[in-house]
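Pasting the structures in now, so scroll down.
Paired with chain B in one complex and with chain C in the other, chain A is shared by the two complexes that follow.
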Partner chain A sequence: MIVYILKRLAIAIPTLLLLIVLSFLLMHAAPGGPFTQERGLPPEVLANLNAKYGLDQPLWRQITSYVWGIVSAFDFGPSFVYKDRSVNDIIAQGFPVTLTYGFLSFLVAVLVGVTLGAIAAVRHNTVIDYFAVGLSIGAQVLPNFVMAPILVLVFTLALHWLPGGGWRFNDPHFWVMPVIALSTSYMASIARIMRSSMLEVLTSNHIRTARAKGLSGLRIVLRHALKPALLPVISYLGPAFVAMITGSVIVDIYFSTGGIGKAFVDSALNRDYAVMMGITILVGALTILFNLVVDIIYGWIDPKIRY
Partner chain B sequence: MKLSVAISALALLAAAPAGIAATVPEGTKLAANQSYTFWLLDAIKSMDPQINTDVEGSDILRNLFEGLYNEGPKGELVPGVATGFDLSDDKTVYTFHLRPEAKWSDGKPVTAQDFVYAWRRLADPKTASEYAWYMELMQVKNAAAITAGEKPVEELGVKAVDDHTLEVTIETPLPYFPQMLVHGSTFPVREDVIAKYGQDWTKPGNLVGNGAYVLSQHLLGERIEMDKAPTYWDAEHTVMTHLTALTINDKNAALTRYLAGELDRVEIPAGQYPRLKKEYPDQAISSPYSCSYTYLVNLSDKGPEALKDVRVRKALSYAINRDVIVDNVLQGGQKPAYNWTHWATAGFKMPDIDYAHWTQKERTEKAKELLAEAGYGPDHPLKLTLNYNTSDDHKKIAIAVQQFWKPLGVALTLNNMEWKVHTDKMQNQDFDLARYAWCGDYNEASTYLDFFTSYSGHNNGKFLNADYDRILKESKTAADPQPLYTEAEQILADQMPLLPIYHYAKVDMVKADIKGLPTENVMQTWYGKDLYRVAK
Partner chain C sequence: MVIDSQKMQSLAAATAREDIAGRSLWADARRRFLRNKAALFGLLLLVFVVFFALFGNSLARWSNDEIDFAVMGQAAELGGPSLETGHYFGTDDLGRDLFARTVQGTQISLAVGIIGSAIAVVVGTLWGATAGYFGGRIDNLMMRTVDILLAIPYMFVLILLLVMYGRSITMLFAGVGLISWLEMSRIVRGQTLSLKNRDYIEAARAIGVPARTIIRRHILPNLIGVVTVFATLLVPNMILTESFISFLGLGVQEPMTSLGALISEGSGTIAYGTLWQLAFPLLFFVTTLFGFFFVGDGLRDALDPKDR
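And then the complex of A and B:
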């Protein structure tokens, strides 16, 4: 097991390097640069800027010095657009925000999704099942850029219960709408995956055996059906978890949270090479890490899988 | 002998205390809560005066710092750190007298050396400021050579005669020079603070400014909080005690939060002004704003042959029904444009442009005629492409224009692209027609007209006209440049290197109890120190 984990981590390093080089090249291939602006800059001004940010160097040298900065000092460089800030500053401010609402959304999505899916499967083809399926399809087809403004209209403008946006770590009122907007579609997916996998498990041999033994329905579901039924859900949760904690541009825009979901999209549009690389690496590293976590959990839940 | 300028030649300097700080009419009952919350579309890119390039960043800078002059409610110059200036006979040496009571937020006096340091810093290649060209635009002596690295920064034409006297030498007389001093990039900064904190000097706690407010919090892309500075020289007349800026990237979300009472001012999204004006007559406000919206024509070698024919350019311009764009698409009090300079620019006399007076029917007829003469029509369509950057409003206008041109036999392809790609193509003359907008840097027509000179760095359509260049050069030294500006506009109307579309308006919702915002200033420059909230 330990060997397996170490092996996976060793593979992660070349994977990340490849990610860095590819994104770096793709980014530089896009037309325009960080200093391309409406008022074309005089050549001498542009030359000064390129010199200051190392953009006058050949690409291979830019990549190597960038990677060296990360390896030697964990320095992701200065932002090319937010010039008073380093990439580390930007991530340090935005990531805790998205991590908070993302993690809460994850909890809500998993708890509600798994429960809803399991109940729907156990009460297959009953009113409860139809309700659960209807709810999850509704949640799936309602995109969060539609839901977010509706939430604001209802909870802020009509009821005056919640602030219409912004972020405070010390006031949960600010967390509610981002969490609802982000968790809903994940919750719907989880419910649907859970329902179909649960239905399959409930018709399998070991459940029939359990029923034959005369075990109670609840005990069968909790003890014998839940664990195997969760497997497909877990493989879905790895990437979903990373996507949620690194934030959503829609949530960041509608609720003005100052999170890194928006910062990521902005950095691409602004050609803020350094910020874009920084967040790409963060998301890449987290994805590799949580895929590994999922595989470890798999081994723990499914006795058939051993590393 | 030096010419003493008690009242500026431009008559822009308002008589002393009026216009400084909040001018609260007598008998006004002020609200207990003097805080103002305004809206920012995007995160502030920098709070460093010499690094900032954004209009929104300038809104913040004007509250944290103060330059030699400020703008009053109508855009007139009012004294800031400077109390007045003397101008040499050849009009190239300005001697500014700084007020001795001006202080930094840490209590130290604001000196002429602080300005010298800031101005040198702006031009210095080491700073690599995107606004370094502003020093060149101001014609400060040796600015261009210093930015190009050809001269040491010490040779910049700015010098501290003593702690409270600043001497600026410019290359050629510039009638609107004092007006350029309200720009954020000319604000003073503290050398010792920047040396101490480096890039982090603009963080709350580190930042030392000389404005009416001090920075207390800055969460990038979320909020900025500013408190009244007790050290500000005119703190006694500053009523508003707290300013908050909230970043909301979606205009409709911002409007919702305004309606929920979370903001005191927001922009009204296109098309919603008539409804809001009806519902909230005392809050929906439309006032002229110094920006001009246009389609640039590519006249360079890379541009299409057809557009080199002035008849084609005129036909295209005539056929645009600007009233429809302004009244049906934008609906926010914008004005149809038949020229380049914003109509409300100070001192600007609108030229008598022929087609501005015609009815749209006449214009369309004339357009058909001209296009037929040039050899195009429904049977022999003219194929063109219009580039525009992604935005609902640009799209709506482009579709309208496509429809206006269809009956003429112009097959217009709309080419929507991301902002940076659009800009890149435009600056490399890789377009037929390109959407463009220009906002005035200062309240004077040359900020628009310089754009189309052959030596301007912005002339993306490569319009080259010797007469035009000559007139603009002449205007720099003319006693009254206004007739020359009118003449230059006439050339633009005759040659049509741009298809003017509309002049901007600032269309906002402002809470009825907020007073002191400058609705008559076409630059829309505002200062927190001028604002106050009245009791309901």
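And then the complex of A and C:
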């Protein structure tokens, strides 16, 4: 197990380095620099600016010092647009928000999705099943950027129940719509995956044995069917996580929640490359870490896998 | 020796009967597909959307970047859907005809979906078939590359690319194509692995057929089923990706538009009572996605040998 984790880390670290170097080179190769303006700066000012941000150094020096800054001090360098803020400041401001509603959405998607899928499978071909299947098909075509305006239309403009945007850590009213918008389509996917794998497990031999022993239906489902049925769901969690992080961009834009997604798009529009790269690398690192955790959980649940 | 005359007669009758027309794999698949109501419904939706995209403009009375100055600035009062003004779907804030814009948005979205999927088919199939057929170190190297690329948060990288190298539609196609082939190559590789140990492949190798010809003549035709299904399911995903980027305002640029951009515009103005700006693009978006998902599911059921 430990060997396996180490092996996975041995792949993860080069991947991350590759991501850093790649985005750095992309940034460097892009036409224009961070200080390119319509009316060009005087050459002396430009030289000073370049010296301040280290842009006068040779390329390999820039890359190594950037990578070293991240590795040694978790320092993503200064923002190119906001003179008084570093990339770290910007990330530190938005990240807690993204983390809060992201975590809640993930929890909702997994818990509701698994429950719905399991019930649909146990009550196969009943009204509940049809409802679950219909919901999962419907939600497939309602990605977060479609859900968000519909939610606002219903809950803010028509019913006046919830605030249409903004974020407060101490008021759950502000959390509801971001969480629903972000989680719905993944909840539906999880429900669909759970339903089909549960249907398969329920017809397998060990479940028949359990029935023959005279165990109660609930006990069979919870003790014997749930665990094997969860495996396909777990392998879907990695992609779902990436998709949710991506979706947080929409949530931040549409609900003005102020997470890192907003910072990312702002920096994209302002050409603040340093912030873009910082967020991309952070998200990449989170993704790799999360996939590792998922694989470990998978191995822990599935007794067939031995490392 | 007694000859069972009855048996002989029935045998003679049986040989005299005309040959029963054989059913090929594809005929079988077509029959299964046509029996699937959801898939047929999806196909119908798709035909409708494609016709709308191709011929919708000949119905439109306005072009997509023409401004109706009678409506401009008063979209909420005057810009609603109406047959008299020729704005069947209403107008946007600037007085541009939403019908023509929806036609154009549908065109762009379909194009992005189909081109992204086509790139995935070509690159992903070749990559996966090569890795799977040769195996060993080549396979390891090629598939590790795919693993690494899959671990990168591609949407962020795509936005990075679009911002740095200009938001052109070519860049969008390239960016979408860059990521779409990864999953495809994994699926194709898996299928190739199970194909390459079949007897007929071994026979071809034994008589000295070169690897390239084996892949082209024997492996690729057998991959068509899997690739078709996955490509169909990939189209809506590509459309979703493009719409996502356009929603952020980083996709196609004005006066061109896509369904994602229109939905974004419409959702920004719902508070002002111009609901049609959201409803019509959303309707076509959802219809297109439904169509592709249903057809893709139907194709999978029709071509997947597991369910027979």
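Please note the rule applied: the second predicted complex is superposed on the first by the 264 of 307 C-alpha atoms of A that agree within 3 Å, B and C clash if a C-alpha of one lies under 4 Å from a C-alpha of the other, contacts with A are read in each partner's own complex, and residues count from 1 in each chain.
Keep this in mind: a contact is a pair of C-beta atoms (placed from the backbone, for glycine too) under 8 Å apart; a residue touches a chain by one contact, two chains touch by 3 or more.
Predicted, not measured: the structure shown is a model, and the values here were computed from it.
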For this session: May I ask you to decide whether A:Leu26 touches chain B, chain C, both, or neither, giving the answer as first, second, both or neither?
Result: second
For this session: For A:Ile245, decide between first (touching chain B), second (touching chain C), both and neither.
Result: second
For this session: Give one of first, second, both or neither to describe whether A:Leu182 is in contact with chain B, with chain C, with both, or with none.
Result: neither
For this session: Tell me which partner A:Leu230 touches in the superposition: chain B (first), chain C (second), both or neither.
Result: neither
Exercise. Is A:Ala121 touching the first partner chain B, the second partner chain C, both, or neither of them?
Worked result: neither
For this session: Would you sort A:Ile288 into first (chain B), second (chain C), both or neither based on which partner it touches?
Result: second
For this session: Figure out whether A:Ser256 sits in contact with chain B (first) or chain C (second), or with both, or with neither.
Result: first
Exercise. Of the two partner chains, chain B (first) and chain C (second), which one does A:Ala51 touch, if any: first, second, both, or neither?
Worked result: first
Exercise. Regarding the shared-chain residue A:Pro149, is it in contact with chain B (first), chain C (second), both, or neither?
Worked result: both
Seminar exercise, completed: chain A positions within both the chain B interface and the chain C interface are 30-31, 148-149, 152-153, 157, 253-254, 269, 271
Seminar exercise, completed: The answer for chain B against chain A in the complex is residues 42-43, 45-48, 51, 53, 125-130, 132-133, 136, 144, 147-149, 199-203, 219-223, 246-250, 252-253, 256-257, 259-260, 262, 418-421, 423-425, 427, 436, 457-458, 460
Exercise. Which of the residues in chain C end up touching chain A in this complex?
Worked result: 144, 147-148, 151-153, 155-157, 159-165, 236, 240, 243-244, 247-250, 260, 263-264, 266-267, 270-271, 275, 278, 282, 285-286, 289-290, 293
Exercise. Tell me, which parts of chain A touch chain C in their complex?
Worked result: 11-12, 14-15, 18-19, 23, 26-27, 29-31, 137, 140-143, 145-146, 148-149, 152-153, 157, 242, 245-246, 249-250, 253-254, 264-265, 268-269, 271, 273, 276-277, 279-280, 283-284, 287-288, 291
Exercise. How about chain A: which of its residues touch chain B in the complex?
Worked result: 30-33, 35-42, 44-45, 48-49, 51-53, 78, 81-86, 89-90, 93-94, 148-149, 152-153, 156-157, 160, 163-167, 252-258, 262-263, 266, 269-271
